[in-house]
Amino acid sequence: ACSGPTATNTDSTNADGTGTGAAQAPTGDLRVAVISHGTAGDAFWNVVKNGATDAGRQLGVTVDYNSDGDPGRQATLVDNAVSQGVGGIVVSMANPDALKTSVENAVKAGIPVITINSGSERSAAFGALAHVGQEESVAGEQAGAKLREAGKATLLCVIHEAGNIGLNQRCDGARAGFGGTVSTLQVDINNPTDVEARIKGALQTDTSVDAVLALNPQVAVSAVNAVKGASSAAAVATFDLNADVTGAIKAGDVLFAVDQQQYEQGYLPIVMLKLYRDNANTVGGGKPVLTGPGFVDRSNVDEVAEYAERGTR
Amino acid sequence: MSDQPLIEVRGVGKAHGSVVALHDVSTTVAAGEVTCVLGDNGAGKSTLIKVLAGVHRHDSGELLVSGEPVRFGSPREALDLGIATVHQDLAVVPLMSVWRNFFLGSEPTTGVGPFRFLDRRRARATTRSALADLGIDLRDVEQPVGTLSGGERQCVAIARAIHFGAKVLILDEPTAALGVKQAGVVLRYVAQARDRGLGIVLVTHNPHHAHPVGDRFLLLKRGRSLGSHEKADIGLDELTRQMAGGAELEALEHELRGTTG
Amino acid sequence: MSDQPLIEVRGVGKAHGSVVALHDVSTTVAAGEVTCVLGDNGAGKSTLIKVLAGVHRHDSGELLVSGEPVRFGSPREALDLGIATVHQDLAVVPLMSVWRNFFLGSEPTTGVGPFRFLDRRRARATTRSALADLGIDLRDVEQPVGTLSGGERQCVAIARAIHFGAKVLILDEPTAALGVKQAGVVLRYVAQARDRGLGIVLVTHNPHHAHPVGDRFLLLKRGRSLGSHEKADIGLDELTRQMAGGAELEALEHELRGTTG
Amino acid sequence: MTTAPPATDERLGSPGLLDRLVLRPEIGSLLGALLVFAFFSVVTERFLSTGGVATWLDDASTLGIMAVAVALLMVGGEFDLSAGVLTASTALVTAILATRLGWNVWLALLASLAFALAVGVLNGWLVMRTGLPSFIVTLGTFLALQGLNLGVTRLVTGTVQVSGMRSAEGYASAGFLFASTFTIGGTAFYVSILWWVLVTVAASVVLLRTRFGNWTFAVGGSAPAARAVGVPVFRTKVALFATTAFAAWLVGSINILRFTSVQANQGIGLEFQYIIAAVIGGCLLTGGFGSAVGAAVGALIFGMARQGIVYANWNSDWFQLFLGVMLLAAVLVNNALRRRAERVRR
Amino acid sequence: MTTAPPATDERLGSPGLLDRLVLRPEIGSLLGALLVFAFFSVVTERFLSTGGVATWLDDASTLGIMAVAVALLMVGGEFDLSAGVLTASTALVTAILATRLGWNVWLALLASLAFALAVGVLNGWLVMRTGLPSFIVTLGTFLALQGLNLGVTRLVTGTVQVSGMRSAEGYASAGFLFASTFTIGGTAFYVSILWWVLVTVAASVVLLRTRFGNWTFAVGGSAPAARAVGVPVFRTKVALFATTAFAAWLVGSINILRFTSVQANQGIGLEFQYIIAAVIGGCLLTGGFGSAVGAAVGALIFGMARQGIVYANWNSDWFQLFLGVMLLAAVLVNNALRRRAERVRR
């Protein structure tokens, strides 16, 4: 797939990427390590991974995706990539301090690094080429604001993985954007019965709750069930999409879903690294490249549903 | 007594890793006879017993049951051939109640098909009376075996073997932990079983127990056979001397008395 | 022999939950004397021993060591008063090697301060010779105790108690699993220890073992004392009869012989 | 359960009904459950309402089904770390067959049952054949299944979940059996609660009243002794592993039919909750002692504590702290009793 | 380790060097480690490069430190489920004291050490006093610490992580001791590897050569027997819990000084990795048997497999599957040997 001598792409966000690349590829194949802090099987990071591997397939770049929720072991994965001598590293920085040494070592070793998702304000300081994505707190803030607009007064934010920094930032953001009363509830994502039961319990206990913000589509579906089970009138909003959520949006059970377009957080860095290697291009001019958030609600759900089905939204 | 011995052991050997516990031992167990296995501590008596009972598989030699060569894969196979054993260790499951231990592996059931339940009433009654016959008067057959005294525990295993023994009864030091009365009862049982035509293998360190009931005496030392004696060939004193490896308890007894003030 | 008995037991009782294992038992252990505890299975002998050794704490009655009333909180306290015990169960740690078991709780060390390491060479040599003295010739003192034969295991516990016993030696059925020779050796040891002025408590079911060495015989039945006899008051036959609760082994022996063909 | 014998033995002290009770392994957990129940009934309003009861029973039910099966296995002296993930694996198999290949739900359920039993038998077979501790062997299966769940799901769907069961053929009837609700006093209770009761009763009867139950105690209490008296140790243990796998299939089916979608990383970490519920219920980790009812009650404690904390409206940041203290309190309160049992027991 | 006795006993078969070796609990894991090492050295290019070695040693080191301590505890017959979370708790205590209250790092480290030891002693004391299984007691501490970590962190910082250690006073010197690197052949190795070696050697010496080690085997192998010969069972077990807590503090300190920030949910789930590494290294779950070196090698297997899979560039969807198969293969390959050991052993 590596042909096309006239690589005159500008550093725009044109990311269609077919047939781009340079003839004078310095070291042949490009290998990029994508290292995230998502736990294996996490719905959000699954889409990021799909973005990265799709980009890799289309651009002829080998993409290795690895993830670990423990900051220390995420750092070790970066070290691992450095010692493998990969051609580029894409790393999510939920915990910039823990990754500092490893990222700086990578930069020192001459490996271009692009940060994604969170950590935008530290990205440049560590010597990263660019940042793609957006702070989770911003997404949360906008979700909160949108709920406020819908006239809600009391919000329940459901954290499905205790201590996960990204989820906490979303809820904190929602608190800031919402303005009203916001309480958080911890549930265990691995136990669906527990998720539904606890949300139901919380709704029964505090009947003033009129909005539930789920941070995962699976949790959203359970929240819808719980709302019905508790005979509550609360509206449900969620982060991310799946077939059930799009159905629920159509049915009016879910108000909206926050779509961070994280597919781009996986896709764009691969393109950028390829451009950088082949053409020394950079993107963003030192500013983060923002991917979202977008909202999926009744107005646009039909259009997005099929993308969600195949794991790219 | 019969042409075909119930069990015949021919040059059997058994090693645990590099430890040779038994080497080239031969003997027979005939119906209506008691074969006593005697020997020092660590002579390999229990190892021989375990080979006969199907707990260990022998490494060399031959084991014939009713003339058929066998290599037991599990104790179940030995039990199915009517060989019941009281082991020196491996005797009981400490956390289980007395009656459950007693009937373990041969539980009586009532009902049919999927609704075959333990016949607990019968099991308890049988256990209680079988133990009472041995002179053990239990408070409660629901008591976990682990809380019984050493001798009581031993009696549970013996009573079980006597109850289920069909053709051959193997007893590894059954009387060691028993009181005088209980030991007497067990020996009487052994004699009765022999008279009913069972073949018996008895391991013991007590010549006073071995001599009265034994018909054949197999002497082991350090895993090897020192020879087999028929009862006619050997008296109590000679047996005791052989078991003690030349020393004599009576002499010792005099010595012990001598040193007293 | 001395005015002050080493151990005096006054009306001691012990219950496990609702099970009364021992009730109102009294006896004394004097220096240079052997107190034999005799009785049926489940009579409470081991329970009494465990009270003396600090494994159980008695519920009622008094326990005096060298005239001082004590209530042992742990076996360590008993050991510190020079009371060494061979238990019927609780004897050894099966997964540990022979020499580690032998010296458990009293390990010899070399070096100083934080660099006090086990003196393994000495420990191994001592273990080997202590066992050899009992007539047990081990292949290897590194062998886990769990792989020893029943009698060998028992000998490890006995050798340990003999080695570390300072003032009182308590033996719970030490000879049960032992061969004729080993049993003789153990009895000779008991006699020697007695002559060195130790107080000895010996539990046994074998009147042939108890009578030669014992000075005082405490008879237990169903947790209660049947009385205490001085050696002068009781002969071997009478002792046997009492232990068997009236039955007699000799009569049984005749019966056993009688039924043979 | 047991009738006292004609106890006129002078060696028995007080009549000892208490001591008799104390010997039952589940007594401790029952007291603990009462404590937790009483506590939350007093502290919160909603806990005792029918809606509340339905919620915590629901939470306890699937945990309870698994805890009971795991308790049997633990009595038999083995662990199964793969039990939690297997609930997700079976659900995934059912869902993929029904939604992607268009199988009838009943057929898909049958296929996933066969799959579950195969995993259970494999676990048991490996443990018995290799002589390795089940902790290690089932850890291997745990990791392997976890990898398979994610890998296969992504391969088939491109996402990390399979959904859309509702439109599969046969959903209605299967859903009725596994995921319907029944109404008592105007409140909907999930049918999984009935399954839980059923499994507990069946397991209890098997454990206490059948030969297989006797063998289970024996192989856990002392496998060599059991072997020596002719108990088929191999078959018994393999059957126990298969039972656990069956329970995992049951829970997986309940989940997939109720939530109609399943996430690839579901079930991870739950295996320890099962073990914990069993241990709270009186199972010994070393095997040979325990009870099915106890495990069910252990699950109940878990469910009540988990939901009770929500009802009490305590800050959920401290959720685990409350849960930990709750559990410790529940097991400590009957400590005196338990120790008494220990004393009687050995 | 042991010199063969003058074995001219006719009851011993072949000289039996092999059998002697086989008796060592760590042999199995050593073979497994060799297998994993050889496999990845052949399959991947970079695994054997100094950079590669540094990476997987680094991954194994903190796991190894904990595994060794946990192995001692397991030899002593107990579990500690709170060990994983405690690594985060100690790091949090250090970080909060140093960054929020402005303490000197050394002082903060001392304080968190005291905290860790208190938790360890509490664990041990509760286990011994109540007679409850350590599985349950430390589960309580586990949940409580987990709740505290989250609750306190959110209370103090408003987020779920504490960062900013780098600017705390005394960071440089403390960092040098716990989180610096040393260079061999141009590659930087973390000092935690040295700590790991040190802990392993120390634990091994203690276990095999001291009275305390002897007592550890005894209390795990048979606590009543040990008590009966005068071993201070209570003190020994409490000391073992304290040792585990100490190791958790060490790992927590290494982490906080190296990463300069700590997340409240760190360490959760790791306790089972410790136990698994110890079991792979030959520890019996039932206590009384095991080795420190074995546990360290078990951690090494873990580290090599985890990083090796990344080096091999296998699709991470299947990561757990590979890891599971890897682990099973590593323990199965020496199965014949181990079984032989079992045969010799009992």
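The letters A, B, C, D and E name the chains in turn, as written, and every chain counts its residues from 1.
By our rule, a residue touches a chain if its C-beta (ideal position, glycine included) is under 8 Å from a C-beta of that chain, and two chains touch if they have at least 3 such contacts.
Just so we're on the same page, UniProt names per chain: B, C = Simple sugar transport system ATP-binding protein; D, E = Xylose transport system permease protein XylH.
Note that the structure is a prediction, hence the values are computed from the model and not measured.
**Q** From chain E, which chain is the farthest off, judged by mean CA positions?
**A** Measuring from the centre of chain E, the most distant chain centre belongs to B.
**Q** Select, from A-E and A-D, the pair of chains that is joined by more C-beta pairs in contact.
**A** Comparing A-E with A-D, the pair joined by more C-beta contacts is A-D.
**Q** Going by average Cα coordinates, which chain is farthest removed from chain C?
**A** Of all chains, A has its centre farthest from that of chain C.
**Q** Need the CA-centroid distance for the pair chain B / chain E, whole Å please.
**A** Distance between chain centres: 47 Å.
**Q** Need the CA-centroid distance for the pair chain A / chain D, whole Å please.
**A** 35
**Q** Using mean C-alpha positions as chain centres, tell me how far chain A is from chain B in Å, no decimals.
**A** So the centroids are 72 Å from each other.
**Q** Multi-chain contacts in chain B: which residues touch at least two other chains?
**A** Only 16, 19, 139, 147 qualify.
**Q** Hey, what residues on chain E touch two or more of the other chains?
**A** Answer for chain E, listing residues that touch two or more other chains: 11-12, 146, 150, 154, 284, 319-320, 344.
**Q** If you look at chain A, which of its residues touch at least two other chains?
**A** Where chain A meets two or more other chains at a single residue, that happens at 40, 162.
**Q** Going by the contact rule set out above, which residues of chain E touch chain A in the complex?
**A** It is residues 46, 49, 51-52, 54-55, 58-59, 62, 146, 149-150, 154, 158-161, 163-166, 255, 258-261, 263-266, 268, 307, 310-311, 313, 316, 319-320 of chain E that touch chain A.
**Q** Within the complex, which stretch of chain E touches chain D?
**A** 130-133, 135-137, 139-148, 150-151, 154-155, 269, 272, 275-276, 279-280, 284-286, 315, 317-325, 327-328, 331-332, 335, 338-339, 342
**Q** In the complex formed with chain D, which residues of chain A make contact?
**A** The touching residues are 39-43, 46-47, 50, 159, 162, 183-186, 188-194, 196-198, 200-202, 204-206, 217-218, 221-222, 225, 229-230, 242-244, 309-312.
**Q** Across the complex, what residues on chain E touch chain C?
**A** Within the complex, chain E contacts chain C at residues 2, 5, 7, 9, 11-12, 23, 205, 209-211, 213-215, 217-218, 221-222, 224-232, 284, 288-289, 344-346.
**Q** Please give the residue numbers of chain B that touch chain C in the complex, ascending.
**A** Contacts found on chain B: 16, 19, 39-43, 45-46, 88-89, 135-136, 139, 143, 147-152, 154-155, 173, 176-184, 187-188, 191-192, 195, 205-208, 212-213, 215, 240, 243-245, 247, 249, 252-253, 255-257, 259-260.
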